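What follows is chain A paired twice: with chain B in the first complex and chain C in the second.
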Partner chain A sequence: MKLSSRQILFFLAAVTPVGKLILMPPQLAAAARGDLLLPVLAQLPVQAALVFCVLLAARDGRTLHEMLARRIGAWGAAAVSAALALFLLYAAFVPLIEQKLLVQSIFYDTLPSYVVFAPFFVLSAYLCSRPTAGTGRLFDVLAPLSLFGMAGILLFSVGEADFGALLPVGAAGAGGFLQGARRACAWFYDAALLLPLLGRFDYKKGLAAKGAAAYLAGGAVLLAFLATFYGVFGDIAVIQVFAFAKMSHFFAGLTVLGRIDYLFIFSLAFVMIFYAAMPIQGAVQLAADCLPQSGKWLPALLSCAVNAAMLALLYAFNFYSDRIIDLFTGRLFFLIPAAGAASALLVLLLGRRRRES
Partner chain B sequence: MKVKRFFAALPGRLCLFLAAAVVLIFFSNDFGLVDIQKTAIVLAAGIDREGEEFSLTAQIAVPKGSDRTAGGTSSVEIEGKGETVPDCIRDIYGKTGWVPKLVFCDLVLLGESAAREDVFSCLDFFLRNEYVPNSCRLAVCEGSAKDLLSSQSAVDDTSALALSKLFSDAAQKSGYVMTTSLREFAEGYYGVSGSGYMPYLRALPQEGAQTEASGGQSGQKTGDASSGQTVYTAEETAVFSAGKLAAVLPREQTFALSLLHGNVYAGTFGADGETYVVLKEKGSAQADLAAPAVRFSLDVRLQLYGTRDASAPDAIAKSILSPAQRARAEALLRSYLAGLWEQTAAAGCDVLQLRTHIYRTSPADFPAWKDALFSLPLLSEVDVKSVS
Partner chain C sequence: MEQQLLSGDLAADRAALKALLPAEDILFRDLYDAAGTPFVCIFADVLTDKDLLAEQVIAPLQRAVTQQKMERVLAALRAPELRTRQSLAALADEVLAGNPVLLWEGGTDAAVTGQRKAPARAVTEPPSDIAIKGPREGFLEDMKSNAALVRKRLKTGELRMDALTVGRRSQTAVTVCYLAGICREQTVRAVKQKLSAIDIDAVPDASYLVRFLSDRPYSLVKQVGTTEKPDIFCAKLAEGRLGILTDGSPIALTLPYLLVEDFQSAEDYFMPPARATFLRLLRLFALIVAIYLPAFYVSAQIFKLQLLPVKLLLTIAGSIRDIPLSPSLEMLLVLLVLEVLNEASIRMPKYVGMALSVVGALVLGETAVSAGFVSTPAIIIVAFSGIGLYAVPNLIEETSIVRLAMLLAAGSVGTYGILLLTAFGLVYLVSTENFGVPLAAPFSPLVRRDLRDALVKYNLHSLKTRPASLNGPNKRRMK
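Up next, the complex of A and B:
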């Protein structure tokens, strides 16, 4: 069973912005201060164009591996697929660190044991071993949850936001803008997340344009969140690493209503969990496509192995989260945009509109 | 056939069930079970300084036991000392074995000794700590924070809860209490204005005889004035510059500050034996760099609320201010504003965020005016309208 184009649009419009709410806002605030919207404004059209390319390549109707195999043979296809899978696992690392820190800080009120995040990999291993149709149904569930959570958080926070904090525009200068754009790169790889889904949904007329527009619409929500975030926290935004879970706390009505904002926070946290698992799921899918006869158990074993490796890596670098983030957003910032753009353009070149037989 | 199909689908279903259970347990925090016997729920933290040493008094909620006639919250105050605030927390843990849980800490109270130095040497820990809400209230008190937290409140069993009543929404709307949260104060401190404010608390002996505890049932007495019960007042405002206590604004200037912030609704003020109530108001404070001056403007709708002398029923029904009363109210409010500017300018405290306003609207002028700001004259515009 294939995904529907609706599910792809749901993912692009509602799920992708949620993956950028944890560490990216303070990282941007540290680099560009009140100009934190500008680097994102630069990233969004680029990523939307890449989304357009990948969706256009979906006209071919083949999976990425099939497209590659047709052009460069089975071994070449396996090598490129493996490289893309490694890229997705690399891109997955920052969201995993974010999720781990979020769980430890927001769901617990004193410092919990280090292993509390480990069950995430059980869920991830399960998701990775499921057929792609399940992912589509997941988007149907996650999209309304994401909209509900985002709308609630923004509604509860906007009254406390002083949007004047974004003034004067351009105060951070070109240096701040470039630094912000560089740091944001680690969170913009959404087009690459569509690669494993190629051939698993039917291209309908205009889907590429609709996909890019849906991505930009999600980007607009992200910009609204960032503006509210900086409006609420101003000069201390740089230290607000889990802002989406704190912004609504200042809403005066909570003293009467109780912490109903947790409904929105948990909705977004739920969506984030699945978004963080997506690159791993994509990597497993790409690797499984290379296997001669996937069967039922081989992808499951592959999923367990990949997730166990990610778990081991995450805990091996447990005490080096800051350094890893610095590395990904600093010296190695170019890897994600370069690999993301290269892979999207590659599939655009490989993909051909399939003639109806 | 059905049984066979059921068993064929069983692994998938089991996986699904397992995943659902793990997610449920994961999100409901059951992996992080907390032993309540070893946990201290901190309601308020009071910080004092003695030279280079900090002293943190944690007011910890304790159960009242199984006596169903007793309500409310009891508390115990534990003091920890150290070179930093986290050292004090560790000291409390070392002395009691209780893990201080700060997630419910709604008040950080600074003693006068702590407020005289850069308060962020005390607040840094609370800002860094992910488990302390940024919405927790800040206040300064006369004398020692430990003494104030340990005092026996006349209105509640727990002083922190009695103090929280002073910071209620209604108290803020009265115009005589200017509350601030850790987030707001930190934004002022780290922002271009480098200033902030907090309510200044004083403990006063309770006058009169016996008093009932608010949390208790009728008939339960908690003591009397002779046993040292206290009430608290937060009608003064401590203003800070570069994190240090710069001045304490009296209640009239606190009222003026509230009016400029647009906080006042149904707040009252008196003049010549008459009390006026503010029914609607709009205030603003701006630095006008074109005609160098600081402009305070107030647009206030007032009603006569009470007089010392008896009034005719017609006059009571209308409650309208006469032109003389309006002029008197305007003059009074203008004097409050002048006092506020005089005091804050003398203290070098940009409590009205004028620097921030200049930085945002005229960034090129900011370097020239950020220090010269306090030498500007004040132009105050007060428009009082009477409503019946």
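Up next, the complex of A and C:
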């Protein structure tokens, strides 16, 4: 069974912005201060264009591996698929670190044991072994949850925001903008997340344009969040990691209603679990496509192996989270946009509209 | 295996049937017609209406001259339900089902006369599905009565009732009911195939069939709908579902099942849509609170006190100060006591059950709190949780286990454990299908049209189409 185009649009509009709410806002605030919207404004159209390219390639109706195999043979296809899988695993590292820090920070009063995050990989391994149609159906549930969480947090915090802090526009200068754009790169690989889904949804006329528009709509929500974030925290936004869990604290109604903002926070945290698992799921899918179809247990085994490896890596660098983030957003910033753009353009070249026979 | 047929030699056929049916309650009555032709009437003593048998079979036969001809025999009988059988095994099955069988000298066919009378109670309101407004009739253990209750409500030739037999020894009659042209043919075929493939000794109740009809038989999640009310059964048939009546069971099965069905009640259709919507949302809210409240309470106490408002936190802190048990163990203990009380009160005789409730609620609860074993908030939370689960009674078997699992996750990993377990559940639910219909529809996959009668209930005038999630051939139910 295939995903529907609606589910793809839900993913682009409602799930992708949620993955950028944890560490990206303070990183942008540190780089561009009040101009933190500008780097995102620059990233969004680029990423939307790449989404357009990947969705356009979906007209072919084949999976990425099939497209590659048709042009460069089975071994070549396996090599490229493996490279793209590695890229997705590389891209997954920052969200995983974010998730781990988020879990340790917002779910516990005191620093918990390291192992509390380990069950995430059990879920991820399970998710990776499920049929892709299940992922599409997840988007049907995650999209309203994401909108509920975002709307709630924005509603509770917008009253406390001083949007004047964003002015004057351009105060950080070109240097601030470039620095912000560079740091934001680690979070913009959404087009690449669609690669493993190629051939698993039917292309309907106009899907590429709708997909790009949906992505931009999601981007608009992200921009609203960033603006409110900077409006609430101003100059101290730089140190406000996990801001989405803190912004709504200041809402006056909470003293009467109690901490109902946790409903929104947990909704977003729930969506983030799936967003963090998506690159791993994509990598497993790409690798599984290269395996022979006969062994049903092979994808499950692969899923366990990949997730175990990610778990081991994450805990191997457990005490170096800050340095890893700095590395990904600093010296190695170009890897994600370069590989993301190259893969999107590659599939656009490979994908041809299938002629009706 | 080749079936042994009647030979026409009455003595030999009688002996062969006696060998197949040696039980003492199977009676062999010798008869003669007016011309002296010998007959044997075979019937199950406890399952046959003997007055009717005498009136419709024996008396007319004794007055007739049949000349050993089947047409004359059948013409002489006054039984409204008449059929013929040739195989000895089929005749034995008919007798065991309560239908008398008539053999005669020279006859290679035997008449099955149908004076079945199974012991049955009167039609009453089912205890698990009480309606304040709406029909109060409930299904019985007798399948013919159940079929009559269905036929009474759906007076259409499209209503098909296909009979099957399941169970090697119980030979339980099972009827697959559906509306031809409305129910998906593939579903009917698949259900019949699954039922025919069942190879089991006996089927004492419809719940035995549920495991064989589920695509994931070991799953905790319910995959087949159940009802004890013919009005609900018929409404589901009219929506495009298929129903299964099982002889000996007052529970009818409906397929394909959607999870949202259990949040709906028959009464929702007899009240204003706004009230029905409110009640459905209330059921969902009660269920969510019932499952998550004990877990979040434990998680808040152990890992994240900020989850609780300050004033409530102070109250709770005062209550739990001297409790010797850890929060998770305390909650687990109180939940287990509730489950034990619940189980015991269902099984106990009515009057003892009432006394037990008093002992459980007052003596155990009150004394445990005053003795300092458990805290008052724990009792309140478990009590609310216990009540909340019963807001959706058809899911109680699943939700009580999920509640326990949530509690264990909360006690070991905290709130993140609760979220992860919920995520597991969600992934499992959305990928579960039965007979090609996703369990979580119309929410996942989203079927917009069906949302009009899911948790929100639209006015009847807006419900012009049957549920699209069921993918039936006939979409429109109202013009």
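The rule is short, and it goes like this: the second predicted complex is superposed on the first by the 355 of 357 C-alpha atoms of A that agree within 3 Å, B and C clash if a C-alpha of one lies under 4 Å from a C-alpha of the other, contacts with A are read in each partner's own complex, and residues count from 1 in each chain.
The criterion applied here is as follows: a residue touches a chain if its C-beta (ideal position, glycine included) is under 8 Å from a C-beta of that chain, and two chains touch if they have at least 3 such contacts.
From a predicted model like this one, the values you see are computed outputs, not experimental measurements.
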item	value
Partner chain in contact with A:S4 - chain B first, chain C second, else both or neither	second
First (chain B), second (chain C), both or neither touched by A:F120	both
Which superposed partner A:F274 touches (first chain B, second chain C, both, neither)	second
Which superposed partner A:D235 touches (first chain B, second chain C, both, neither)	first
Partner chain(s) touched by A:A133 [first = chain B, second = chain C, both, neither]	second
First (chain B), second (chain C), both or neither touched by A:P112	both
Partner chain(s) touched by A:R259 [first = chain B, second = chain C, both, neither]	second
Partner chain(s) touched by A:L207 [first = chain B, second = chain C, both, neither]	neither
Which of chain B and chain C A:L84 touches, first, second, both or neither	neither
Chain B and chain C footprints on chain A, overlapping residues	103, 107-109, 112, 116, 119-120, 122-123, 126, 266, 269-270, 273
Complex interface listing, chain A residues touching chain C	4, 6-7, 103, 107-109, 112, 116-117, 119-120, 122-123, 126-127, 130-131, 133-134, 136-138, 140-141, 258-259, 262, 266, 269-270, 273-274
Complex interface listing, chain C residues touching chain A	303-307, 309, 312, 413-417, 419-420, 422-424, 426-427, 430-431, 438, 440, 443-446
Footprint of chain B on chain A - complex, ascending	103, 105-113, 116, 119-120, 122-123, 126, 129, 164-165, 167-168, 171, 232-236, 239-242, 246, 249-250, 252, 255, 266, 269-270, 273
Of all residues in chain B, those that touch chain A in their complex	15-16, 18-19, 22-23, 25-27, 29, 31-32, 34, 39, 99, 101, 103, 127-128, 130-131, 133-135, 169, 181, 183, 186-187, 190-191, 356, 359-361, 363
